[in-house]
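The same subunit A turns up in both complexes below, where it pairs with subunit B and then with subunit C.
This part shows the complex of A and B:
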């Protein structure tokens, strides 16, 4: 017996078959939605792998004395889209962190009054001394930029990402 | 009793069951995607691989259930 052509399966004239068609089409739609979500997970995985492969360049980020005590300077490290924040905490002390909050990636800013880094989105506060979480939803410390003083210049050497912990 | 002999109403029940299961898997997959994205944005790159693997397994399960629905339908009433 010759099988039904596809159009007859998709546009059945029989009411009973129509129920099958509706269910099959909905199932197909749900499966394609599942495929889309799997593709989303793959995209996240690729982004994670590509980001992990970026080497840390050595880059002069500021000149000593360029910023006042309690002042900040924003710079990009290691890539052009990775915003970081450099803070001069005392006469001879500088610290730098990724500006990305470890909760949902909002940009943190330095509050000189409270001497801490603050995320305005969900009130996550980080210690200026070591980037650890003081308060709020973030569960991981800020990624720290390791700095080295080379003559009059402050040079970023690498990023130091630390595991969970307050 | 082979698949061809299964009455239509029982087949529809089986198809409805498969669809419910797919919806359940989709809800889990949706939660998984948002959780993986959340931890990726928080700087945790290790969870991306586990998220992608589990999402793949869930997608394959949905695919198998879809094939089950198609096969059940093609066996005739």
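This part shows the complex of A and C:
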């Protein structure tokens, strides 16, 4: 029996053995995928616009002295399931940031040793002072939660959105 | 209809052409008949023959297709040319040893019998086999054929040195296990004058 020539293998007469993507399939794939991407981007844009109009609620997040210096408390702000991290950096200073890394939304943690917020997924580090990026893949600083001291309580007033970049 | 096979017995054909009309009703190629129907020697005999595609094991039509448009599916049925690929070059028409494929100029596509794939894949008989009154085109179980026919079903055809195995069976005289066709024999037009 003669061995099969290459064309028999590459252009098999059997439907099941077809491996090559033809031009039309590729064109269809490209068109539909770009359409889906376009629609997705429009949706994200609309969502951002709708969200911009909603005022931030005020919420007491911690009592003064509740956490130790270098300690951390997690809270949800502005809505439920939007995790934020409150850090007491010194005796009288508190900072809070959204816990969502601006790269791929992993939760960032406070490293008391290095005094920075660290994202464990891709080693993105953020400054504890202002949330700016110190290293790693994130391109935007963390969204800061503006805090106000009201008597014994720390109250979150609003989120400071800084979409313009670092 | 597991195990059912297609049997063509041209000696039973009575020339009623029901199969041509039934074939047009098939959903996969509505309005275009895929039966190859012929009167053999019109001035001298009423003999006629209806053929469907033989669905070769090694389909020559598909092998010669430069556009890779003719495909054989898992259950051994060779399909019509895929419309997006077919370039209507007629290579398959010239290559088929049985003369089955036809180019439909209106669609610029090769169309041929696909054994009513919408029906046979769903366990129904092909349209032509459901209407044939004489059993010239039959879709039946091999046991039934062995019980009711004297002839021997054969699915090996020899064209000179080329051996072609098919999915569809032809009925041959008893004792034959292949049909041999000498092409040059048919081309013989008598002694030169």
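Assume the second predicted complex is superposed on the first by the 109 of 166 C-alpha atoms of A that agree within 3 Å, B and C clash if a C-alpha of one lies under 4 Å from a C-alpha of the other, contacts with A are read in each partner's own complex, and residues count from 1 in each chain.
Everything below uses one rule, namely that a residue touches a chain if its C-beta (ideal position, glycine included) is under 8 Å from a C-beta of that chain, and two chains touch if they have at least 3 such contacts.
These figures come from a predicted structure and were not determined experimentally.
J.: Looking at subunit A, does subunit B or subunit C touch a larger number of its residues?
T.: On the superposition, B touches more of the residues of subunit A.
J.: Looking at the overlay, does A:139 come into contact with subunit B only (first), subunit C only (second), both, or neither?
T.: first
J.: Looking at the overlay, does A:33 come into contact with subunit B only (first), subunit C only (second), both, or neither?
T.: first
J.: Per the contact definition in the header, classify A:61: touching subunit B only (first), subunit C only (second), both, or neither.
T.: neither
J.: Scan A:24 for contacts with subunit B and subunit C and give back first, second, both or neither.
T.: both
J.: Overlap of the subunit B and subunit C footprints on subunit A, residue-wise?
T.: Correct list for subunit A: 16, 24.
J.: With touch defined as at the start, can you tell me which subunit A residues reach subunit B in the complex?
T.: Within the complex, subunit A contacts subunit B at residues 16-17, 19-20, 23-24, 26-28, 30-31, 33-35, 37-38, 40-42, 44-45, 47-49, 51-52, 98, 100, 102-105, 138-140, 143, 161.
J.: Touching subunit C in the complex: which residues of subunit A?
T.: It is residues 8, 11, 13-16, 18, 22, 24 of subunit A that touch subunit C.
J.: Please output the residues of subunit C touching subunit A within their complex, sorted ascending.
T.: So the residues of subunit C touching subunit A come out as 58-59, 62-63, 68, 70-74, 78-79, 84-85.
J.: Along subunit B, where are the residues that touch subunit A in the complex?
T.: 8, 12, 15-16, 18-19, 22-23, 25-26, 29-30, 32-33, 36-38, 40-45, 48-49, 51-52, 55-56, 58-59, 62-63, 65-66, 69-70, 73, 77
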